[in-house]
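Residue numbering begins at 1 within each chain, and the chains themselves are lettered A, B, C and D in the order written.
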Amino acid sequence: MALERLFRRKRPSGGGRDVPELWTKCEACGAQIYKKEFQENLHVCPKCGHHHRMPAEERVAMLADPGTFQETTRLRPLDPLGFVDTKPYAERLKAYQGETGRPDAILGGTCAIGGVPAVLLVMDYAFAGGSMGSVVGEEIARGAERAAEEGRALVIVAASGGARMQEAALSLMQMAKTVMSLDLLWGKRLPYVSVLTDPTTGGVTASFAALADVIFAEPGALIGFAGPRVIRQTIRQELPEGFQRAEFLLKHGMVDRVTDRRRLKREVVQALRHLHPGVPYAPGV
Amino acid sequence: MPLEFEKPILELERRIQELKETAKATGVDLQAEIRLLEERLAQLKKETYGNLTPWQRVQLARAQGRPTTLDVLEKAFQDFLELHGDRAFADDPAIVGGLAYLEGEKVVVVGHQKGRDTKENLQRNFGMPHPEGYRKAMRLMDLADRFGYPFLTFVDTPGAYPGVSAEERGQAWVIAQSIQRMSRLRVPAVTVILGEGGSGGALAIAVANRVLILENAWYSVISPESCAAILWRDAKEAPKAAEALKLTAKDLLAQKVVDAVIPEPEGGAHKDPDRAIQNLKEALLKTLEELKGLSPEALYQDRYRRFRRLGAYAEP
Amino acid sequence: MPLEFEKPILELERRIQELKETAKATGVDLQAEIRLLEERLAQLKKETYGNLTPWQRVQLARAQGRPTTLDVLEKAFQDFLELHGDRAFADDPAIVGGLAYLEGEKVVVVGHQKGRDTKENLQRNFGMPHPEGYRKAMRLMDLADRFGYPFLTFVDTPGAYPGVSAEERGQAWVIAQSIQRMSRLRVPAVTVILGEGGSGGALAIAVANRVLILENAWYSVISPESCAAILWRDAKEAPKAAEALKLTAKDLLAQKVVDAVIPEPEGGAHKDPDRAIQNLKEALLKTLEELKGLSPEALYQDRYRRFRRLGAYAEP
Amino acid sequence: MALERLFRRKRPSGGGRDVPELWTKCEACGAQIYKKEFQENLHVCPKCGHHHRMPAEERVAMLADPGTFQETTRLRPLDPLGFVDTKPYAERLKAYQGETGRPDAILGGTCAIGGVPAVLLVMDYAFAGGSMGSVVGEEIARGAERAAEEGRALVIVAASGGARMQEAALSLMQMAKTVMSLDLLWGKRLPYVSVLTDPTTGGVTASFAALADVIFAEPGALIGFAGPRVIRQTIRQELPEGFQRAEFLLKHGMVDRVTDRRRLKREVVQALRHLHPGVPYAPGV
């Protein structure tokens, strides 16, 4: 799994420590950006358009209609295997919880998106590289169940290095669990839209994220199964330019659209309104 | 190639053999000495094989001569007719499948296939499938559903192939699709983990009503070497990772990731493949018998529930 | 580029224009002469366009500026959201599709897409799809079925691409699969032949409950040029082949291969695309209205019967 | 469509005119073969294994259990479009009927195959290049209907240059008709096996022939959508060695097995007995 990336760069989003607090620096072009402007521009560089990683809360704020979001995610992780590598898993969890203020790598709840009733689930790359363990798997399954029960669309924003190694086989099983839970939406003709952000790899791509009715990807996002380092080691060659980036995925038929974050809500709403059987046509919404 | 931890056993076996030859050639009576050494050998085997570490099991799971899917199909099944191709891009030799009979019952089978020697291993990509392998598997799932025959899979892969071409053709997508397709089967589905159960590439054909595992096989989200390379930053720490990952049959049974463990002959399935395959066959027949009464819809629900409950978390 | 048979018309138009300019520039009254020529022009148009040969219609069907699928989606539909990719190999620009509304009704649409200029034509491979194009179409058929929305297709292709890569990736297989997938839809399916309906590459997305055709479009098992090359051993005999193939809208209506003909403006759809698209939209709405009362199963049966009865043979 | 081949080589099977009647010559290796031996060897060269085309009657004799075949194909073609090229279609039909003694390019009926009740349909390349017009399409649809009604498996031996140009759009429609008729078998869980022989191209490959539960191909058979000449003209390059041959198709995942004609019946029976729900396991059959 591609957790490797997490260990190379821990910060979820732009901003080195050598620029003053009020300013941040574009990862791609190096431009100095006023932080407030950066945030208002949804963490997209106003100079070069580079899409930086974005905190989960801001994702929710960006997609949910104002004032409609009711958080539902609250499960807490366990350490079922008593996993210890260079540090115990239990300690790692505590550290991530401290850093993010979240029990695990997912934030979700009910809301309206462009007026469409929805369950919105956002993965948090800042928490253990957005890795999927039992909590993420269960929250996604419960999200799908809730959507089916309450006639809501399901929207998942994926950001993950893959499976949660420290839960080993149990983490692997979440791939099956999440995929199977999507069947409930089929039975009720409720739409499921996924948004693949940087990065989406491993067991998350290879399960629920790939099976949406409509799949959006953000420009430049790394998306794939195996991580680039593993592939490079396997083939012992440099990887082609743009390999596993969102635009590459579009060309290879894996995603429906690569959409600029500043247009993302509009397009997600367009897909949801069309596919949700309970929502009639309204021009220009 | 002997495994490192088996070397004392092999050394003792060699000495016993030598003594026997000496006795035969010289006429000297060495019965007592031989008996003594044989007792010591039995004891050593019991100690070694009775206390295998997870990492030793991982090595057994990869041992040359361990039964592969095609060995199982040949010996436990009748009249296997291999079917080829994904009807879209290629036939992937890393996954085999087709029609067969198990004690006269019609079944559809699919499994990862490693090579039985170096040349075949290259041809079969060491059992690491490309997307077309999983598409072939899905086609055979369609066939099983269409005719209502049980669907059986055999898992033995280090993982889905991590290469450029595989990514280009949607490795992640096809694994997700295969998980979904298999979970939707309306026929009994049984999986046996034969050797290596490496991550999503294994799970893609392991979404069964019952998952059985051979005693020395492993199944996890990552191989011990890759896990060690990431978490310990050193692939040589694989034995530690194997321990930490709780990837042995017994551990997996405790986690309910597998439903039953199939015993292997002493020293591993490759020491007596026929016996291992016979054990496997009996376990399969017993499992199919259990699923016999269930309706198509009940089979789907049973599989759904099986995976729905897996995981460990705390309510707030 | 004017079509050969239109040259006298264009010549006359040019002369009228000249006279008008002369009158304006010199102040000489040429009203009478102009009126005379305009009457002659109307007469000539009526003669030419009222008696189009099949080969002339084939040329109109290929004329630059003729409405393409994307033109129709833009002008007759609302809020088109294009979806991309076959989830397996590539996104084929020769086939487009996605979600749209027709007078507020939710529909899923798919169509061949030719380029509107040379550069775009190259990028879209002249509307000749590869297998991945048909796989994208099938994915959208799945989507239409999943949500129960009408499925509409627009046909405009010289044929599926006859190249090495297309054969390697199963052009024949994917066309067969697409025919099968479309025939199994449980939603209303309507096809409009916009321009060229070339063989299996057209039929793959034309297995609809109702097949409509624009007045100057053609639809057949082979292009006139290829037919001439084989049967007359000379592609230049295409006009003869076009005649023999009975490939015009009127002929196809008589054969019951199409269910209705959509009128085009005088001189062809490219002379007034908005009018042509308006006619098309009205025909689509009327047709969808006809299918409205049918249950999912009845829609399937209706489509089955529609194609089941096509053909001409004698009982012994 | 790939009818082009027909016009280059009209003879359906081996045998030039420069060898005496009792002998025939292998198309591939040139070996002189005693005709009776050639026929007993199912038109496979005993020297090099080359599979020559085979008359439809011999196909039936090879696949149907002795004494079980009851012919059902008897529809006669019409000339719905009054098609005339260098010769009227009506005349061409008469000539083919005279040469083959058959009303159109298909011979079929009910039979048992390895004890499995079946409808067996064999296309005849000697009749108009095995092209599919209304008669072939209708006979296939009726064959599928009969199989479904009577609980029989469907076996089709394909050999075709493609669609029957002289029936134009009506010929194209047979692709849809034949494909749709296969649904009847699905409803009753009856198996459908196709055998692709040299050549199988165009609208036949791209319809019923590609959709069998199990697809056999004969060694060396040309199989594809577009004919090689058309492709060569399109790409303006020589075609790769072995392109569109059965073995190429196997490698590219399109057929289940490439089977020597001398083992073909055994394997077809194996597939039919397994898939036909009414047939129990019998060792060694």
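The rule we apply is simple: contacts are C-beta pairs under 8 Å (C-beta built on N, C-alpha and C of every residue); 3 or more make two chains touch, one makes a residue touch a chain.
The shown structure was predicted, so the numbers you read here are calculated from the model rather than taken from an experiment.
Engineer: Could you see whether A-B or A-C has the larger number of C-beta contact pairs?
Structural biologist: A-B
Engineer: Centre to centre, by mean C-alpha position, how many angstrom separate chain A and chain B?
Structural biologist: 33
Engineer: Please tell me the distance, in whole Å, between the geometric centres of chain B and chain C computed from their C-alpha atoms.
Structural biologist: From the centre of chain B to the centre of chain C is 54 Å.
Engineer: What is the distance in Å between the mean C-alpha positions of chain A and chain C?
Structural biologist: Chain A and chain C have C-alpha centres separated by 42 Å.
Engineer: Indicate the whole-number Å distance between the mean C-alpha point of chain A and the mean C-alpha point of chain D.
Structural biologist: 52
Engineer: Give me the residue numbers in chain C that touch at least two other chains, ranges are fine.
Structural biologist: Counting only residues that touch two or more other chains, chain C contributes 87-89, 135, 168-170, 173, 177.
Engineer: Name the residues of chain A that each touch 2 or more other chains.
Structural biologist: Only 210, 252-254 qualify.
Engineer: If every chain is a node and each touching pair gets an edge, what shape is that graph: line, ring, star, complete or other?
Structural biologist: Here the contact pattern is something else, fitting no line, ring, star or complete shape.
Engineer: Any two chains that touch count here, so list every such pair.
Structural biologist: A-B, A-C, B-C, B-D, C-D
Engineer: Which of the residues in chain D come into contact with chain B in the complex?
Structural biologist: Residue positions touching the partner: 186, 189, 191, 210, 213-214, 250-257, 267, 270-271, 274-275, 277, 280-281, 283.
Engineer: If you look only at chain D, which of its residues touch chain C in the complex?
Structural biologist: Spelled out, the residues of chain D in touch with chain C are 1, 3-4, 7, 74-78, 80-81, 83-86, 103, 133-135, 137-138, 141, 163-177, 179-183, 201-203, 205-211, 223-226, 230-231, 234-235, 239-240, 243-244, 252-254.
Engineer: Flag every residue of chain B that touches chain C in the complex, lowest number first.
Structural biologist: Residues 87-89, 131, 135, 169-170, 173-174, 177 of chain B touch chain C in their complex.
Engineer: Quick check: in the complex, which residue numbers of chain B touch chain D?
Structural biologist: These residues of chain B touch chain D: 78-79, 81-92, 99, 101, 104-106, 132, 135-136, 143, 146-148.
Engineer: Can you check the complex and tell me which residues of chain C touch chain D?
Structural biologist: For this pair, the touching residues of chain C are 160-164, 166-173, 175-177, 179-180, 183-184, 199-200, 203, 207, 219-222, 226-227, 230-232, 240-241, 244-247, 252, 255, 257, 303-304, 307-308, 310-316.
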